[in-house]
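Shared chain: chain A. Partners: chain B in the first complex, chain C in the second.
Let's turn to the complex of A and B:
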């Protein structure tokens, strides 16, 4: 993004970086597409609407039913339809209707502008009715869209940074290598430790449901012998950050008399710690990727809900005139 | 519940994963592929939470969880009671119930498939949102159908299908066309309740005037409904000015444009109009033309009619009263029974009960204390009545006849000896004596009447004219007095709302006015000291409706006007 742009103070906090759709600053992104063509248009549209409303509100109270109300409402409805068309454009890669970046740029800027136009259209009159529902849905669609812009600006870079420039597949590869090493190391040791390590590997948890992915907590568990009743009684406890395994290995290490045994335990400890870090990284990666996608799972249904509410809003207004 | 699990790998070969055995103390045994399950099966075919084994009514029962498929003894089941020897199949894993007796620990033998337990983590866990099965399409449909179910179907049903109305509209929690209301009804219309169709008769049609005049029967039109002017209103609806469902709810639009749309260029709409152009009170409004009472003709009970002062000429009132405000407001005061008394406006002008206008001025209440009607200043019983000249003469005649009869020596010296005998009883007067007494009283009364009507008492305030060729008491006539009470009968002016200002703030010329012909109404400049135009921010922004009303009295019923409008179409 060029610093000379007059939109700099607004866009600077987004901190676009070199990854993902938040592209290189020097390159043209959907934010600075054609020197903020759609941004300028959106700002001009909003300013025009605000000034006209201010002038008109001195003469009569703002309302959706005045000539200005109808005009702003029509503009907002057309804008919403246009914004929804972006979903169609996105799916057709060979569309003749303008470039994808241009469409996205217009989608983002006009999506924010529609907030302003629709708010002026409703004249700040809210109630428990379909009209306010349509407004609230529009607000939510717009907010989720803004969230998407932020997420695309921020998370791809963050993901690369926290994965340490390797892909998720590499990390998963490393994880299974570590598991194999742990099994190999522990095969020379006694059975109790073998079952400890085996259970820790079996019950290593990654991702999960929507909530688990977005929350990003390590939900790994481990089956350990019941300390009071002894084997075969067992309990399942949390092994977040492999801490139960590491603690157990550390205890064994502290009580080890034989040098080769202690050395093996030392190796196992290192493997377990490495795995803990790796699982943490993967979990964070899954969380960030989930957040990167989740806004769209909100944005799309809300958008369709808005379209339905908008049609009913217009129908209701003209049915009961 | 105590569950004893014997876990082994199918094929009998222990390999690198030996048979395991453990006992769990748990209320229910959860089975699935994620790490939180009691029995974790590392098998991609198994759901994260697949099934649950729990005691049920003293027996052991397996229940599948959402989407999990469970085969008990070769039959797909969602719920099954387990007995010893039953075989459960979940994915590639077989579970044999070894012991399921009451009171004892449950023993299950789990035989894992060798392939399944080697599955890698990405196969066992959803690592992206897409893999969790979350579907934007599903939620979109849900939201769309939800919006339609709440906001469209009940409302349409209430709108189009009358039998559904009582059910839908009776309860505030049931969605109905109430959800289409853009704002609440005005408090005065609240009694209509949720019955939208009381006003909205047909879909896609605006609320008609007939729905308003059904209740508002006596509403008058803006123009005379029997003239062609009604045609000028054929485009207008009640709803143009009276907008419902507004928030905040204001039923009477105060927008001056509703008036100035026509009154700003009335000449174009009605070339013969006598009304001046108005676009804004502050900058483009003609000066006031007070309405005054003028005597119509000279017929005997006086007829008065309200006449608006002509434009561009100094207005003069012809009330037939002789009065000087200047005289009464002299700084040293006026002569009164208590000496000199300084008068204030309020001594004569008092507001009426509503406070909007002043009470009518009455001689007895406001003038008589100083303006006595005694014809003999030394005798307080000699007052003539006010208001009726005939009663004045009767009073005078009666007084002088009494004087004649009561005096010890008759004022008429020529008849003295004949009238009375000293020391004698009262005698009956002869007809001649009666005529003499009456003649004397008439002469005296006429003298006094002339003094009152031409010199001293009546003429101070009243215009007295002489009737040509009449004699005696008939020769005078006091011109009837009618003081204009309402100078702007159509304006919504209230003295009460201006009570914080002194009278002279607006009626400044009163103290200098020497004649009753002066109209002391303030001019528009006086109003503009405080009232500005409709968008004025430095003064009280005043729109048309502050002083004027649309529905004017005597113009004819609005309904009649509507019929005329239809004919003109």
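Let's turn to the complex of A and C:
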């Protein structure tokens, strides 16, 4: 049987059991991890802190400088260090210190508990100083973390549903199949339409920079030739939802004189509409995937800011007491 | 003109043939090597460029006048070319032998080009690859037609026609399609011979338009193209739609090979049986059933280069009247030392055969091979050889002393010299059902599963003996732990063994209930037909009774269909004998009742939840039925962070053994491409250096004796083994000092379940959201049910 190292419990104080890898275990999210074990622990911690503060507040007013203030402050500081260790665990793949899901579960619940303990620690005394800045940063880290929890819990399922249970690779393959079909259909039609369809395919746009990904708008364009003045006067316009292409094909369809020509255009119209839906799905998928990662880019810098502010706060308290 | 005469004619210029020729030249025997191809060592010439050729087995000394050491393909081939020159070995290329007649002292060999020659003795060193089938069409002999592909990178922006429907054709076509236009020509409508993973890759590439495929098509004609055309050659392809002409640069025909066996048999050589991998009946000096005709190398069952070269040397020494001990003699002597006691090696091998009935019918050569692959162990009294629940990859025979087998119920069994144990795990591929403890002065022969399975395939006597032992032990262990030996033996005689392949049925709904089935290996699903096809209601793994719930008193016909999910083996006894036993044995009654209750409840639960049946069908159709540990990702939890792959690469020299995105999904369950540690690992079936092992916890891993032959990669139906260059790790400081990592040879890499990490598989423990888990096939029903209730 696998044994765990005796060294690690020091760094993983909340590990009560084996690493959480049992063959009998079914999927268990970080939120439900071991029947909300860390949630229960966090609630108990907060209740304990609240009750002690209530009792103590009869003796002396709440302040960071009382014995209880120091105790709560120390607990909060230690918790913050422990929470930051999650980043270390995430990157140490050979670590015997429990599963990353367990760590994340503890990280989430204790992260919320820190809010309560630190608020009790400061005794609701806020001002324009370095101490309050540490508190605000902690608040922001917590909020961004909660946003992350929401994102992790909700988006993966949402992404599967909106992709209709197929993978992104499958959708991309479907897209190229549609493009091939469109090219095949239009090859029997006149050259103007061919270049129109070709332009629409060439200028179909997925993803892009960070902002484009997060906004999730279809930024596809199309080149509209100027029949009178020639190529230099062609315009590039938005082809969001393939609407320009569809509109143009519909116009041609309305003006068609031959049944076979109209039938081809009808097929082409259907392909273009299918493609519009598919591009929409892919765009949404890219957006959700982007959002799934974006919050971390807020959480991490704030977290480092918090650690710095915490060090300054502690030094300031002890040096200028 | 009279035929040329030689003392020895050697067929095939591979390592075995070359070594024999070099020795013959040294011994001043007149000799000739007849090689059908245009170069020496065709098989190795076809290896990819710069491939590392290993010189396994390391223990065995090389006995040859031609040098050979592990190294790059080019260096090895050059070494042999030098050897041919130095020793003055006589080789005639492009000389395919079509018939051999005559007898010892006066063989007559007819060549394809019409020549003939005479030889006193014939040595066949043909290998097993055979001659590649050629395109038998006009123009098939043109230089643009090739039967092998050395490197796909050598061609750029060409039009290439690949003919064939096997794995080789698909792999070549896919590799070439990266930078060329490729047309795959398939005579049939699909690819029944190819591996599933290859078909999937091909389908994907075809859908994406990366290459073309012509079905029910054939090459009709190849000719040089007109001067102004885009490519130098023209190929006419015929298909049901009609003929079309394609300009192309080359045609690669991967049509398989003509196995040499038929030719060898036509001369009168007897094979041990009819299986495709059977070996010829040979004497200890490699002489076949035709006196004067010797067979060495891969065709004689020795696929390793060094062994083949040694055999070439030994045969010539034997022919020149110098009887020498085989090269493996010192190795065997060292292995057998505890048992020798002043005896000769050959006598000791005979002694083992006398004592151990499993090996009684073996030929001397097979016995040597067996002992070479095995080891002798002498555990102290009271030492646990394996525990109940351990996986193992060995079978044991007691050579001396005693061994005690401990089951949960019933008396412990005492085994004496000659008896075998570990056979249930061998057959089922599952953990041991009983533990084994060494008795006083115990000496055991430990043989790897792969070796014994290969032996059981080729030797009917070994197969039937192991089966007999299995039946008796299985009946005792699983049915009648307290019964008398006579009762069990009487029942064993009436037991039958049924082998069914994946997808076949053991019995169908409505069949009469006439036998009780016990699954020996593989797994089956029990299903009831529904409006939308088969609805699975239960899953049975090896070691369980199939549909006992249906065998209630008064029931006449089956209410379910039992279908194998993977190749399965079942043992059955007739229902009357079983009913008789049942009425007289209370313990058995209780056991059957418990099983009936569990199965009946499981049927009902699954029936009430048809989605769970769908999930179960999905998992089974992707081979989870034979998995002992399979990675399953819950897509509802997966955030696509790829921590699993990163963790895998990080803990395995930078090469990830899992591909998260690849693999099928259903009901938000995703089966990524990653090893499943099968009950009967396909990869272990044919590993020349026996480098693939199974640990007691079930992990299947490849050790560093891998020779990079790629057999395991080819055998794995799930495409989870890759051939990779695992680079040497050099620290930053050493890099600054100018040290560079040594060039690595390509070896097979696969998931080893992070056996060296205390925390278990890194892919699972690194998953931050709990999306990745590893489960055993036994848990699939539970997984299917939770999934069906989780996703609505």
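Basically, the second predicted complex is superposed on the first by the 285 of 321 C-alpha atoms of A that agree within 3 Å, B and C clash if a C-alpha of one lies under 4 Å from a C-alpha of the other, contacts with A are read in each partner's own complex, and residues count from 1 in each chain.
Please note the rule applied: a contact is a pair of C-beta atoms (placed from the backbone, for glycine too) under 8 Å apart; a residue touches a chain by one contact, two chains touch by 3 or more.
Just so it is clear, the model here is predicted, and its values are computed rather than measured.
Within the superposed three-chain model, A:74 lies out of touch with both chain B and chain C [touch as defined at top]. When the shared chain is aligned, chain B and chain C each come close enough to touch A:289.
Counting the residues of chain A touched by each of chain B and chain C gives the higher count for B. Once chain A of one complex is fitted onto chain A of the other, the partner contacts of A:160 are limited to chain C, with no touch recorded for chain B. In the superposition on chain A, A:101 makes contact with chain C only, while chain B stays out of contact range.
In the overlay built on the shared chain, the residue A:176 is in contact with chain B and with chain C. Once the two complexes are laid over each other on the shared chain, residue contacts for A:247 go to neither chain B nor chain C. When the two structures are aligned on the shared chain, A:30 is found in touch with chain C, with no touch to chain B.
Taken together, the two structures place residues 176, 289 of chain A in contact with chain B in one case and with chain C in the other. Of all residues in chain C, those touching chain A in their complex are 204, 207-209, 629, 632, 634-640, 643, 646-647, 650-651, 661, 665, 668, 757-762, 764-771, 773-776, 779, 782-783, 786.
The touching residues of chain A, when paired with chain C in their complex, are 2-5, 19-21, 23-30, 33, 90, 93-101, 103-104, 152, 155-157, 160, 165, 167, 169, 173, 176-177, 180, 289, 292. Across the interface of their complex, chain A is touched by residues 4, 16-17, 20-25, 34-36, 38, 40, 42, 48, 120-122, 125-132, 134, 136, 139-144, 146-148, 151-152, 155, 159, 177-184, 196, 200, 203-207, 243, 246-248, 250, 253, 255-257, 534-535 of chain B.
On the chain A side of its complex with chain B, the touching residues are 58-61, 63-65, 125-131, 133, 137, 168, 172, 175-176, 183, 187, 195, 198, 202-210, 213, 219-221, 223, 225-226, 231-236, 282, 286, 289-290, 293-294, 296-297, 300-305, 307-309, 312, 315-321.
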